[in-house]
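Worksheet: one structure, shown below.
Residue numbering begins at 1 within each chain, and the chains themselves are lettered A, B, C, D, E and F in the order written.
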Amino acid sequence: MSMDIEVLEDSRHHRYVLNMGPQHPSTHGVLRVLLELEGEYAMELLPVLGYGHRCHEKIAEFKPAKSFMPNTARMDYLGALIYNQGFAQLLEKAAGIEVPERVEYIRVMASELNRIQSHLLWYGAYLLDLGAFTPIMYAFDDREHILDILEDVTGSRLTYCYFRVGGVSKDIDDKFVTSTRAFIDRLRSRFPMYEDLVNGNVILQKRLIDVGELTPHICARYGITGPMLRGTGVAYDLRRAEPYSIYSEFDFEIPTETKGDCMASFLVRFREMEQSLRIIEQALDRLPEGPIMAAKVPKKLKIPAGDYNSSVEAPRGELSYYLVSDGSDVPYRLKVRTPSYSNLSVVPEMCQGMLLSDVVSAMGSLDLVIPEIDR
Amino acid sequence: MIVYKYIAEVLFYALVILTFAGGIMAVRSKLLMHAVLGLAATLFGVAGLYFHLGSPFLAMMQILIYVGAVCIIIVLGVMLGNTPDQLAAKHLTGRNLPLALLACSTGFIALFVATIARTEFTVATEKVGDMSIEFVGESLLLQYCMAFELVSVLLLTAILGAIILARGGREEKSS
Amino acid sequence: MDINKVKKQWQELSTAVEDIDYAVSGYDYSVCLERDKVRDFAAMMLDEGFYLVDLMAVHVTPAIEVVYQFAHFETRCRVMARAFVDDQVEISTISDIYQGANWHERETRDFHGVVFVGHPYLEPLILAEEDVDLKPLLKEEAKLQDVDAVRRQPPEPAPEPKAKPEPKPEAKPEAVKSQEQS
Amino acid sequence: MEIFYSILPELIRIVVCAVCGAVIVFGNALVMGYAERKLAGHIMLRPGPMEVGPHGIYQLVVDGLKLMGKQLVVPAKADPLLFRFAPLLAFAPVFVPLLVIPFSSKLQGFDLDIGLLVILALASINLLAVLIGGWSSNNKYSLFGAFRAVSQNVAYEIPMLLSLLSIIFMTNTFSLKAVVAAQSPVWFIVIQPLAFLIYLVSIVAETNRAPFDLPEAESELTAGFHTEYSGMSFSLFVLGEYANMFIVSSVATVFFLGGSSGIPLPYFEYSGIIWFMLKVYTLMFFLVWIRWTYPRTRFDQLMNFCWKYLIPFALVNLLITVVMVKLL
Amino acid sequence: MKSYFSELFTGAWSLILGLKVTIKALFSPIVTYQYPREKLVVTPNYRGHIDLVKDAETGAHKCITCGSCMRECPSDCIFLDGEKREGVKGKALTIFTLNFTKCSLCGACVEVCPTDALDYSNEYELAGFTREEFHYDLLKRVEERE
Amino acid sequence: MMISGNLNTYLIISAVLLVIGLYGMMQHRSLIGMLISSEFILNGAALNFMAFNSFVAPNPAVGQIFVLFIMGIAAAEAAIVVSIIIAVYRKYRNEDPEELQDMKM
C-alpha cells in the first residue's frame, strides 16, 4: 500500500496545480477548473462549480408556475427565448392549453433569432479564446441587429420574458417582418466574410482539428447533446427527433460532422446559423394571422397532479424541464436539465493529457454559459 | 585627448567593481537565481573589459553568447531542476569554512601577484594585423580554421548530447 | 433499437412499465425499479444506446424518489425510471456506467442528501464544502406530499395501498380545464 | 579649457544621441500605442480612443500618467529584488541599438563595424529580463509565460539570424551603413524575398506579438510573464516591447528595404529619415495589422513551424545565396 | 513532400484572405455609437421599469387600487395601498412603490392590470450608488411628469 | 599611471575571477551553483587570453579566436551540464552532489 502511494507521488512529483478561474479570461464566468499540469500538459482536470448558484429550482417551488417564466431567461441568458419556449410548452402541455398557430410561428422565429444570436456570441467569444480579437466585433455587429429586432418585439435585449403560457406577450408587426428579412440577407452576405477571416484560416484549423475528439458513445455516457453531439455524426436535434411546436412543418437540415473534434462542433454551429435563417425565412413566408393568446388561459393555472417533461433544443443542446405537480398551481418539484451541465462534465475525460492551449479551445467549443450550469 | 583616457579609466574601475560585485553575489547569495544574476553582472563586466582591451567584437559576442545563451540555459536549469523549496543555494556548512577558504584564496592571489610582478613578458615588437573583425574572421577561417571546426563539432556534439540526455528521461518516465 | 425487445428487458428488471401519452406528459415510458436493479437497468440502457438525460430526486413520502431520465439518439423514446432510496437514504451509483451521472449524483447529494453508494467522489458540487448537510431541496413537513399525490390521478379515484404509480394517459385536457375553472 | 573645447563636439554628440534615443523610445511608444489602438479600433469597425483630445490623441499621455501614478505592487511571495530589476533589464538595453541604426546617411549615432552584433547582443538581454520577471513574480502563469518566451525566442532567433546572414554574405559587413550603401541600385527585398519573409515571420515571434504572442496569451495565461506587474514596471515592459518592435523593423528596413534611400528630397542627407521612418512604420503597421487579424497559434505548432518550415527554407536560401555570391 | 508545399501555400493563402478582410474593414465606416455623445433611438416597445400611466383626459393616474399587480408580481417588488375617500368610487391610491432592485421585468403586472394603469417606461440609463435610488415612488413620478 | 593599460591588472583581475570560481565551486553544494562558478573560471581564463593577446602577442587575432573558442565551450558545457542536471534530478529528486552515490543513470 505504501508502495503504491510512493509510486503515485513519484509520478506526480513533476505535476503542479494550476487554478484556472474563477476569474480567468477563458472560463466565461465564474467557473473554476483545477488543472494538474505536467509541463504544459493537463493531466487531471477538476471543474469546480457553484459560484453562481441562484437556487432557481428552489424558487420554483415557492410561487405559481406561471411566475417562473422570467427565471428561465436568467438561467441561460443567451438562449432566453428558447428557455421560455420550453417552459411555456411544459405548462401548456400540462394544463392542456391549445396554442394558436400564429403564436407558434412567432415563437419559432423568435427562438431561431435567439439561437443565431447565441451562436454569434459564442463565435466571437470562442475566437477571443483562441486569441483573435477582431471576429468578436464583427459577430457583435451582426448580433446587434438581432437584438434590435428582438428588443422591438420583446422589449428587452438579453433576458427576454416574451412567451406566456398560451401565447406571447406582444404581437409582431410589419416592422419585424421587414427588418428580419433585411437581417437574413445581411447575415447571408456576411458568411463569406467569416469564411475568409476565420473558418478557412490555417491557424484556426490547426488549433481546432483533432482537438478534443468525442465519439457518439462518449456522448451517450455523458449525456452530451447539441452541436457537440452533432459534430460526432449523430443527427440528433430535438427539433427533428421530438418535433415540438411547429418545427415539423419546416424544411431544414441538421448539420453534422463526423470527426467529433472542436472543428466539427465549430462548423456545426456555424452551419446551424444558416439553417436557422432558413427556418425564419419559411416562417415569415407562411406567417398566419390570428390571435396571439390562447382563448382560455385560466388566471390561476392549476397543473393536474403528475409529472411532466418538456424538452427543447437549446443552442447548447437538450434542455429539459421536468415538473412534478401535486395538483396545485405551485410546482411540487421542478428540475431543469441544462445542456451545458452535462456537456461540461465531459471535460475531465475530454481534456486529459491536452496542452493548456487545447484545454482552452476544447472548453470554448463547449459553448459554456455558466449561469446555466449553476442554475 | 587625455580626458578620454580619464573617462576610460573611471569606466574601467566601474567595470572591475561590477565584475567583482557580480562574483561575490554569485558565490555568496542565498538564492540560486541571484547567483545567476551575479554571473550576468560579471559577464557584463568582462565584456566591458574586452572593450577596453580593444575588441568590441568580443564584447558583443560575450553578451550574445554568455548572457543570451549560457545565462538563460542556467536560469532554465534552475527553474526546471528545482522545486521552490530547493531554490535556495546550498552552501557548505561549518562556521570557519568560508573564512578559511577566503584566507586561502587571498593567499593564492598574493602569490599570484608576486609571481606576475617578477615576470617580464616579452612584448611583440610589431603586430601582424589589427583588431578588426575582418582580420579575426579571415584568421578564423583560414589560418585557424581548426579551432573553428573544433568548435562546430563540439557544439554539434553538445546539442546531440543535450537532446539525448533530456529526452532519455522523458521516455523513461512515459514508459 | 427494437422497442419491444427493450420493453421486454424492462419488464424483467422492473416492477412496472407504463406507456405514457407523450402529448401530455412529454415522455413515453415510465419504469419503476427496485433500488438494487438500478445498475442493471443502467447497464442495459447503455447497451441499447440510450443516453442519460437527467438524474434527479423528488422528496416524497415514504422515501425520496430518484428519477432517471433516458432518451435515445435515433428513435423517440424518452424513459423515466424511478427508484426509491432505502432507509439510509442510499442508492447505488450508476456513475461508472453513465459517467454523466457523476455530477448529477453529486448535485442530488447536495440538494437532497441522497447518498450514492460506490460514487468515486461524492463531495459537494454546487454547494460549498461547509454546506454538506444543508439539503436545501428537502420539503418541509407541511409541504411534503405522499407519492400518490404527485402521480397522475385517474379520472375516478382508485387508490392502491402500495406506492405504485398508475399513471393513466387518459388525463384529458378537458378534465383539466374543468378542474381549473371550478 | 582647451581640453574642454576639444572634447565638446564629442560630448554634444553623446548627449544628442542619448536625447534622441530617449525621444525615439518614448515617442515611438506614444505613436505606436495610439496607432495600435486606433488601427485595432477601425479594423473592428469602432473608432478607438476618442475622449482625450481630438480623436483621443492624448490618450497615451494620460495612460502614461496613470501608470506612473499607480502603486508598484510587489506580490507577497515574489522575489523583491529580481521583481523590481526585471523591467529595468527589459527597458535599459533598448537605447543602445538605436545608436547604430542609420536613420539617414548622416543621421547615425555611431557607425560600428559590428553594428548588427550590437543590436543582436542587446536584444538577447530582453529575454533574460522576461525570464527573470516571469520567475520572480512567483505566479504560475508568469512562469509559463517566461518559459514560453524563452523557447520561442531562442528558436526563432535561428531563422532570423540565418535570413540576415544571407544578406551579410552579400555585403561582407556587419556595418548597417555599409549594408544600406550596398543597396544603391536595388533593394535586397528584390534579391532576397524569401529571406525577407522569413525575417518578417521571425520578428513577429521575437517581439512576442500576435499571432505568436504565447508568452502573454491572455486567454490561456491571463497576461503571461507580466501578470503581476503594475504601474511603471508594467509600462517599462510595454515600452521595451514597442522599442524592440521599432528596432527589429529598423533592421528589416536597413537590410531589406534600402534603409533611408528613396526618391531624393531636398537636404537629402538628413531628410532620408523621412523615408526611413516611412518604411519602419509601414512594417510596424503590418505587425499591427496581422495582430488584429489572426488567432493565436499553439505552442507546439509555433515550434513546428520554425523547425519544419522557417529553418529549412532559411538554410536553403542561405546556401543558394552563398553559391550565387561565389559564382557571380 | 507534395503535401508539405501544398499545406504551406494553402495556409499562406488563407492568411492573405484574412488580411484582405481586415484591411477592408479598416477603411469601412465605423458601426458603433459614441454612447454618451450620441444616443441611440430606443424602440418605444422597450420595457424598462413600470410607470403609472397619466390619463390624457383627467391628468391623473388610472389606478383603482385593486392590488392585482401586487399579488401577481413574482418577486414582490410592488407595494401599493389606498384609502377610502369621499366622492371616489373604491379606494384612492395613496402609495405605489416599486422596488426595482428586485424586479425581473417579466411584465406580469402590466398584463394583469384591469385598467391599463401601468405601462413600461422607456428609461434605460439607470445607474446609482445606493439601492434606495431604485425604490421608485411611482405615484410621485406620475404627478411630477408633464 | 593608468592601470587599465597594464597587462598585470588584467592578469590580477582574471586571477580574482579564478579564485571566485574556485571558492564558489567549494562553497556551493548544488550542481547549478557549481556550474555558475565554473563559468567564472572560464571567464578568467578567457580574460587572460585576451589580455596577453592585446599586450604581448604579435597576431591580435589569436587571442580573440581563443576567447571565441572558450565561449563555444562554455555554451556547449552549459547545455550539457544543465541537461545532465535535469537527468540527475529526475533520477534522484535531488541535486546535492554529496548524495549522488553512483554514476549509473
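FYI, contacts are C-beta pairs under 8 Å (C-beta built on N, C-alpha and C of every residue); 3 or more make two chains touch, one makes a residue touch a chain.
Source: prediction; values computed, not measured.
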item: Shortest chain-hopping distance from subunit A out to subunit D; value: 1
item: Distance-to-centre winner among chains (Cα means, whole assembly as reference); value: A
item: Farthest-lying chain, centroid of Cα atoms versus that of subunit D; value: C
item: Most extensive contact between chains (C-beta pair count); value: B-F
item: Length of the line joining the C-alpha centres of subunit D and subunit E, rounded to whole Å; value: 50
item: For subunit C paired with subunit E, centre-to-centre distance based on mean C-alpha positions, whole Å; value: 41
item: Cα-centroid distance, subunit B relative to subunit E, in whole angstrom; value: 70
item: Distance from the mean Cα position of subunit E to that of subunit A, given in whole angstrom; value: 24
item: Two or more partner chains touched - positions in subunit B; value: 57, 61, 69, 76, 173
item: Residues of subunit A engaged with two or more neighbouring chains; value: 134, 138, 141, 197-198, 201, 203
item: Per-residue overlap in subunit D, given as positions that touch at least 2 other chains; value: 43-46, 292-294
item: Complex contact set, residues of subunit A against subunit C; value: 49-50, 53, 55, 57-58, 61, 90, 93-97, 216, 219-225, 229, 234, 236, 241-242, 296, 298, 300-302, 304-311, 318, 320, 322, 324-327, 332-333, 335, 337, 341-342, 345-346, 349, 374
item: Residue ranges of subunit D touching subunit A (in the complex, touch as defined); value: 40, 43-46, 140-141, 144, 210-211, 213, 217-222, 292-301
item: Residues of subunit D that touch subunit B when the two form their complex; value: 3, 6-7, 79, 81-82, 85, 112-114, 117-118, 120-122, 124-125, 127-128, 131-132, 135-136, 138, 143, 147, 150, 154, 174
item: Footprint of subunit D on subunit B - complex, ascending; value: 1-4, 31, 33-34, 37, 40, 56-57, 60-61, 63-64, 67-69, 71-72, 75-76, 79, 84, 132-134
item: Of all residues in subunit C, those that touch subunit A in their complex; value: 22-27, 46, 49-54, 56, 58-59, 67, 69, 71, 73-74, 76, 78, 80, 97-100, 102-103, 111, 124-128, 136-137, 143, 145, 149-153, 167, 171-177, 179-181
